[in-house]
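I have a structure here, written as structure tokens, and I will follow up with some questions on it.
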Amino acid sequence: MKLNSFRKKSPWILHYNAGSCNGCDIEILACLAPKYDIERFGIINTGNPKQSDVLLVTGPVTKRSRERLVEIYAQMPEPKVVVSCGACACTGGVFRGMYNCEGGIDQYIPVDVYVCGCGSRPEQIIDGVIEALAILEKKTKDLEQSIRLKKEPVKEDTQLNRRDIAAEIKEIA
Amino acid sequence: MKDILIPVLLILLAPAIGGLVYGFERIVKARMQRRTGPPLLQPFYDFLKLADKRKMIVHSTHAFLGIMHFVSLWFALAVLLLGGDLILVIFLHLLSTSLLILAGYSTRSIFSHLGANRTAISILCYEPVLILIAVSAFMLTGSFDTSSIFNYGASLLFKMPLAFVALLMVLPIKLKKSPFDIAEGHQEITGGVELEFSGIFYEAIYIAKWLDCVFCYTLAYLFGANDPLLGMGLVLFVFLFINGLDNSSARVNYKQMLKFSLVVALPIAFINLLITILFLQL
Amino acid sequence: MIKYFTMKTFFKAILNLFKKPVTIKYPFEQTFIPDDYRGMIGFNENLCIWCRRCEMACPPGAIVFSQAMDGKQTYHFNRAVCIYCSECVRACPKEGAIFQTNVPAKCALKEENINNGWNILYGEALMSRAAYAAEKKRLAAEKAAAIKTEMEKKEAKS
Amino acid sequence: MNRIETSIDKVKDDIRNFYKPDLYHFVVINAVDLGEKIEVQWFFCEYANPSNIIAFCVQINPDEEIPSIRDIVESSWVAEAELVDLMNIKIQNTAKGFVLEPDFESGPLRKKK
Amino acid sequence: MYALIISLFILPVAVSVLVLILPKNLSRILVIASAAILSVISFYLLVSIEEPFHFGVSHYMNEVVSVADILLLLYFGSVAIRKKSWLVGLLTVLQFGALLYLLKIIPEEYQAQFTVDKLSVFMFLLINVISGIISIFSLQYIDGEDCSAFRKKYFLSILFWFIAVMNIIVSSDNMECFFLFFELTTLASFLFIGFRKDEISGKNALTALWMNQIGGLAILGAIFFIIHNGYGTATFSNLLAHSSVPGILLPLALLCVAALVKGAQMPFSKWLLGAMVAPTPVSALLHSSTMVKIAPFIILRLSPALKGTPVASVVIAMTGFVFVAAAIGALSQDNFKRILAHSTIALLALMIMMAAVGTPVTIIAALTLVFFHGLSKCMLFLNAGILERIFHFKQTSDMDKLAETGPFTSLVISIGFMSLLLPPFGAFMGKWFGIESLGVLAINQKMLGAFVIVAIACGGAILSLLYFKVLGLLIARTGDHDGVKFEKTKPLYSATISILLGLIILSVLSYPFLMSHYFVPVASQTLSLPIEVTIYGWKLHVGAMALPVVPLLIAFLLLPITIITATFIRFKNVDRVKEYACGEKTNYSFSSFYFATDRATPYFSVIGILFFITLIVVSIL
Amino acid sequence: MGKQYEIPLGAQHISLLEPLHFKFTTENEKIVDTVANVYYVHRGIEQACCSKFKFRQVSFVVGRVCGLCSVSHTTAYSQVAEKLIKIEVPRRAKYLRMLVIELDRIHSHLLCLSHVAENSGFEALFMKTMQYREFAMELLEAVCGNRIQYDFSIVGGVARDLKPEVGKMILERLKIFKPQLDELVDIYQNNWTLSLKNKGVGLITKEDALRLNVVGPFARATGLAADVRNEYDDLLPWKEVGFEMVLDKAGDVHARNMVRLRELYVSMRIIENIINGLPESALVTETKTFPDGEAVARLEAPRGELFYYAKGNKTQILERLKIKAPTFSNIPAMVEAFKGNEYGSAPAIIASYDPCLSCTSR
């Protein structure tokens, strides 16, 4: 495990429940608890999108949650990663195709890590977050590089990202 | 020369020291909850990370006030460490806090507002007590300068233990520790004033928190000032006390806090002042 | 007010400092998983009789069979759709064809395209089956037609 | 389960005569689409003899307005609001949009014609 | 010199007559010019007067004063009859009787009626500069008033007449004369408050009248006791000369009562609060440089005699109480002007307290407070006028859009409030000195010292809370706008405000200079003590006290610059996001804490009355 | 503008596990009015259960109505489905169902308590409760094969048997848990700051409870004896295994905490009794009939009465399934109980309702 190399980062998580059954949410809570204690990795559950790096989403995104999810995602500063927790957040799980939900959060925001399981064990969530940390680091580097090389990076992170990177490029030029 | 050198070094290193204290505090907190906790240098990792984030602000006034909060707090700390006038230090601290409060008010964000409201209330809770303690110290030493406390023959702790008790009561308010962490009230107002800061701008607030740690522990140290060992012991005691308290109490609401401070802490400080004036004066 | 100073919790908290944390070192040490943990679904192609009952029983549709034109079926399973209810195992008439392991599913990365990919695969699988069925029907019809023409021919001959 | 069949005009009075807050527990209001008609059921149970579940059943046409029992059973507003959205029926003094987005037209629990 | 001082008395009177007759444009020019001239004269006096300058006008003056006194009382009597106010009537009758008796017993000998020392000059400067600015401001303001053209002129006329009265009052030494002008200010405030002629104005004007009349009565009483007990003539200088005579306490106490009444200390705060109904320049005038400032002035005058007496102790205790009580009272207010008024009462209490303590440092603190409070309050009240006239609101709760609609006004008001609250502004300096020097006080008067320190600490904290409440509303804004475009106000408005703003910032920046060259000489002359000012290390030593100048200077730079920069700064290349509202998009309404502290007012009044009684009782014992 | 603040709480808020939105109108942080929006989690399960899923699959779907008392949902559904297909469940299956329900209750109550502690700003107690709660999760994992979403009850019986060694393990762990529970009771009862935050807060009287038809620990904390376990002897033999009703009088947050804590003792006793007296029989009753007719079933989930109504039409797919969750009944009372409290207490009050909106909105 090369975990030590990730330790120089401090991912702060934001948890949003987009209509899940609470199953995965309580497992996220369990991750914070002494037995799993994800603060070992410097993780804090901030509850504040503006200071978070990792968005942990559960639930299949109901129609009413959709706008809130996107809003919260937009308020998080890059670099950020999204971890979808549990089958229903990944793909809709058992709720696929129900009339009021959308079948997976990646229909609305780009997801980096999918944590499987229904409900996912805390171990799985930790694995997912650690996976996310690597991506976070890579994204940070990409962002730096893109500023240095004055070129557009990370394709997948949509318009939002591109706009501010363009601004930074202008600044350097 | 040496007199100046050490404080100056301390001042320059204050954020680093504060960061370490903060990191240590997080570990202690975790241990008190039977967790492993983050590594000691975690605050610095946070620091590095925050610097990397995309810069996002609500508006410039808000962000700028946040930065100035940090600057002025550092300045207040510098005056304290350089042995400046205690009352002035308290007011300079008020100044820095007020910048934070204004930052909170400057956005149209509910929680930020509530946080600012509550911070303003908490000023009401601790400022008079601190002033009374400072005046008591003056009564003993004959000067408001912190340096004179160092030069005073005995430790303040033994001369005015009640003042120390009062200090113990208001420090959790200042450090935003349970049961008086109402200004931050994570589960209620998600951080209050800090809420709208992000990235590098949050960094200023974050480090200001570390500086606040140093500030408060320095106040505690003053009670054992002429005996460094006692001073350190006091700091350790205060540290344990505050964290122990933090981990064994729920958050009260602001009215209860106000009541507590005005009915318990303030009278204690006042009695201490009276005792000092009546019996102990030079 | 007096109670404030007689807080048992306070001293307990201080004492906790000297106790060992209960935290497990998860990513560095594996945790205990019971043998009958409901983990990944395994599939044994050799035992399967391709009855598709598991697919039928699966609530979220995490199992899909696609079918090639030669009639060979392929089993697809999506670990991000599966809710690990083991209903498929219960539904299977052939013991061991489909079974549940105690390995929790690994998380998937973006590259795996686990959601949209599955949607596409699902559609394709259904199409392939429809195509196979149509093909089969066509063949059967052809065969029937051939037989019919043959019969007619025979009839005509006779 | 005791079904008490009644009619839309009488149901409110029936419930008013029947319901005593300290004797009966209001459970929920349910509706079932029977095709042509919709059956609405008000469920109560007795605190003293809990196995005794009483259901006031009324069959209505989909466009009829159902009386609200909010003035008898205060807590019935949630159930009523939900029914309005999910069954697409009318209940006195109850607006759409509590459960579903206000622009969601059809009642999802109705049978598709 | 003499001519200059007299011109300070005559010129405003002349202007006050001229504005009544001159056409509008001419009178405008006249007002502006005379405001400038008055300021220049008082500035020149400041530089030139070294020793106290005694002079008297011809001895007809005494007769004139007596006649004027009687005429004034007759007018009050007519008011009492017209308004059917038995209280005013009673007080007038009492005053009349006392006056007549006094006229009989006052020994007929010539004496200098006027003394102009540094304290008077200090007041001159404050009065003339600030009132001048206010008069210029009112030119514009009164234009928008809904009244006849004559009344507009009449308003300006009283204003200048008031300036003259103030100028005389701070330089008069003779108490009889002092009484006359004291009551003339009462009259002025009565006319001002009643200016709008509606029911509330009338009622409040009457309240102001009778309350201030009590002060007048107290002065008459003081004169009576001085003469009756045979301490010589009824002049301030004579009083100070006799300060060690035991029975002198009673007249001192009575004069203190007069001061406390003018200073609107509880329970007499009502008249000042009632004065809000008058046009806003009046409030500015009453609160900043004139009227209420008579209170600290009297106490400052008397402080050498007062120092260390039981009377001083009672005054200190009382003002300590008022400081907290007024601060608490202010918390419940929502009206901008009322908040200002309450804070005036609180700060006046602080000034009086400082003056009553009477050590060099506290005198300097009192002077500092008087000076900076005058500037800040004037600016704030003028802004209150602008808010009414341009933005059309009076409640603080409406101010939350101000940062966007009126960035300049909001900036100015913010600075005004900060100058009442935060280091390094003057008001803060006053508070700070207060605490530090009261520490010294506590060495002698232990209990009192302790009590007052608590009062200042708490009152200060409560006041901060109050100011935060307002500042918070002022600074609220949504998002950035490119560049700050100041709102358009009337030229006279922005000119006066800018001058005041400049003065505040200038005086804050030059505070160490002001202190050593302005406040210290005044204080030392008032106390007739030499006060040493030295700079040693990074500290400025004033008498026994040391000011850390360097940290202060840095604080000087830190705060104003922060606030001003915060208004103008625009971060480049930084993205803007919306506020966090739990992911929801609806708008929510805001407000700040409010405190229903007005319930406590009756109790405060009772305590205040008790203090007044104690004051008299202590002085008799 | 004026003296009133409107404070949003939710949809995303750190003190909430679930998206629900409260809009508090406050004066000086004192709540004067509350508006609640609780339908963020509406997914359309009822409709899906009577159109998309076969009636046997439905028990897995209704489990996902909510992860916290998924076993209650599956059991309640199984009961109603068994009534429709007219079969009797084997005794051992009934006992095992009760076992898992009680284990689930332990973890659910502890979760709720920890959440109350967290929202009262008592992080250490949150951590402690969560730490002690882990044993229940481990036991559930051992019994059902998953930490949440047990999928244990299926139509006709239960999905898996209890291994004897697991039974032994449960008894051992309960022994360890007992002193821990005593410790928790001590803290929740006696901690001064916590009682400041919890006593007299979020008050609902017995009259209110009757008027607003409150259920579950919420109702029992007011003194209203409403516990389905007391009632339905025919479906699950609660009385046999030693059920006792726990009541309190105060009706505030503290009383709710105490009711939950004391119920844990009852649950522990029930579990012990079940394991000691587990009858031998088959696990599932097989049948090939399809559901027909109407039936209702009630079950005491950790948060209160769960009510299922089902109607079959002799096909694989149900005609109608109605789920009435406990929180659904409590919403009217929830909205009322805020009035007059400090905003600072609101998160704790919310947590003390133990709101679970995923089944309210389904």
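Letters A, B, C, D, E and F name the chains as they come in the text, with residue numbers starting at 1 for each one.
Operating definition for what follows: a residue touches a chain if its C-beta (ideal position, glycine included) is under 8 Å from a C-beta of that chain, and two chains touch if they have at least 3 such contacts.
Keep in mind that what you see is a predicted model, and the values were worked out from it rather than measured.
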item: Subunit D and subunit A - chains in contact with each; value: F
item: Touch-network distance, subunit B to subunit E, counted in steps; value: 1
item: Between A-F and D-F, the pair with more C-beta contacts; value: A-F
item: Chain located farthest away, centre of subunit E as origin (C-alpha); value: C
item: Between subunit F and subunit B, distance of the C-alpha-averaged centres to the nearest whole Å; value: 43
item: Chain centre separation in whole Å, for subunit E relative to subunit A (CA means); value: 60
item: Chain centre separation (subunit E, subunit F; CA means) in Å; value: 66
item: Centre distance in Å when subunit B and subunit C are each reduced to the mean of their C-alpha atoms; value: 56
item: Overlap residues in subunit F, where contacts from two or more other chains coincide; value: 5-8, 11-15, 29, 39, 42, 44, 47, 60-61, 64, 124-125, 127-128, 131, 146, 149, 191-192
item: Sequence positions of subunit E contacting 2 or more other chains; value: 573, 575, 577-578, 580-584, 588, 590, 593
item: Shared interface positions of subunit A, touching two or more other chains; value: 16, 34-35, 37, 40, 46-50, 63-64, 68, 72, 75, 93-95, 99-100, 118, 121-122, 164
item: In the complex with subunit B, residue positions of subunit E that touch it; value: 403, 421-423, 428, 432, 435-436, 438-439, 442-443, 446-447, 449-450, 453-454, 456-458, 460-462, 464-465, 468-469, 471-473, 475-480, 546, 548, 551-552, 554-555, 558-559, 562, 565-567, 569-571, 573-581, 588, 590, 592-593
item: In the complex, subunit E residues that touch subunit A; value: 572-573, 575, 577-578, 580, 582-585
item: Subunit A to subunit F touching residues, read off their complex; value: 14, 16-27, 29-30, 32-35, 45-49, 59-60, 62-65, 68, 72, 88, 93-95, 97-101, 118-119, 121-122
item: Touch list for subunit B against partner subunit E, complex; value: 54-61, 63-65, 68, 71-72, 75, 79, 84-85, 87-88, 91-92, 94-95, 98-99, 101-102, 104-113, 116-117, 120-121, 123-124, 127-128, 131-132, 135, 138-139, 144-145, 190, 195-196, 198, 266, 270, 273-274, 277-278, 281
item: Contact footprint of subunit D on subunit A as seen in their complex; value: 63-64, 99-100
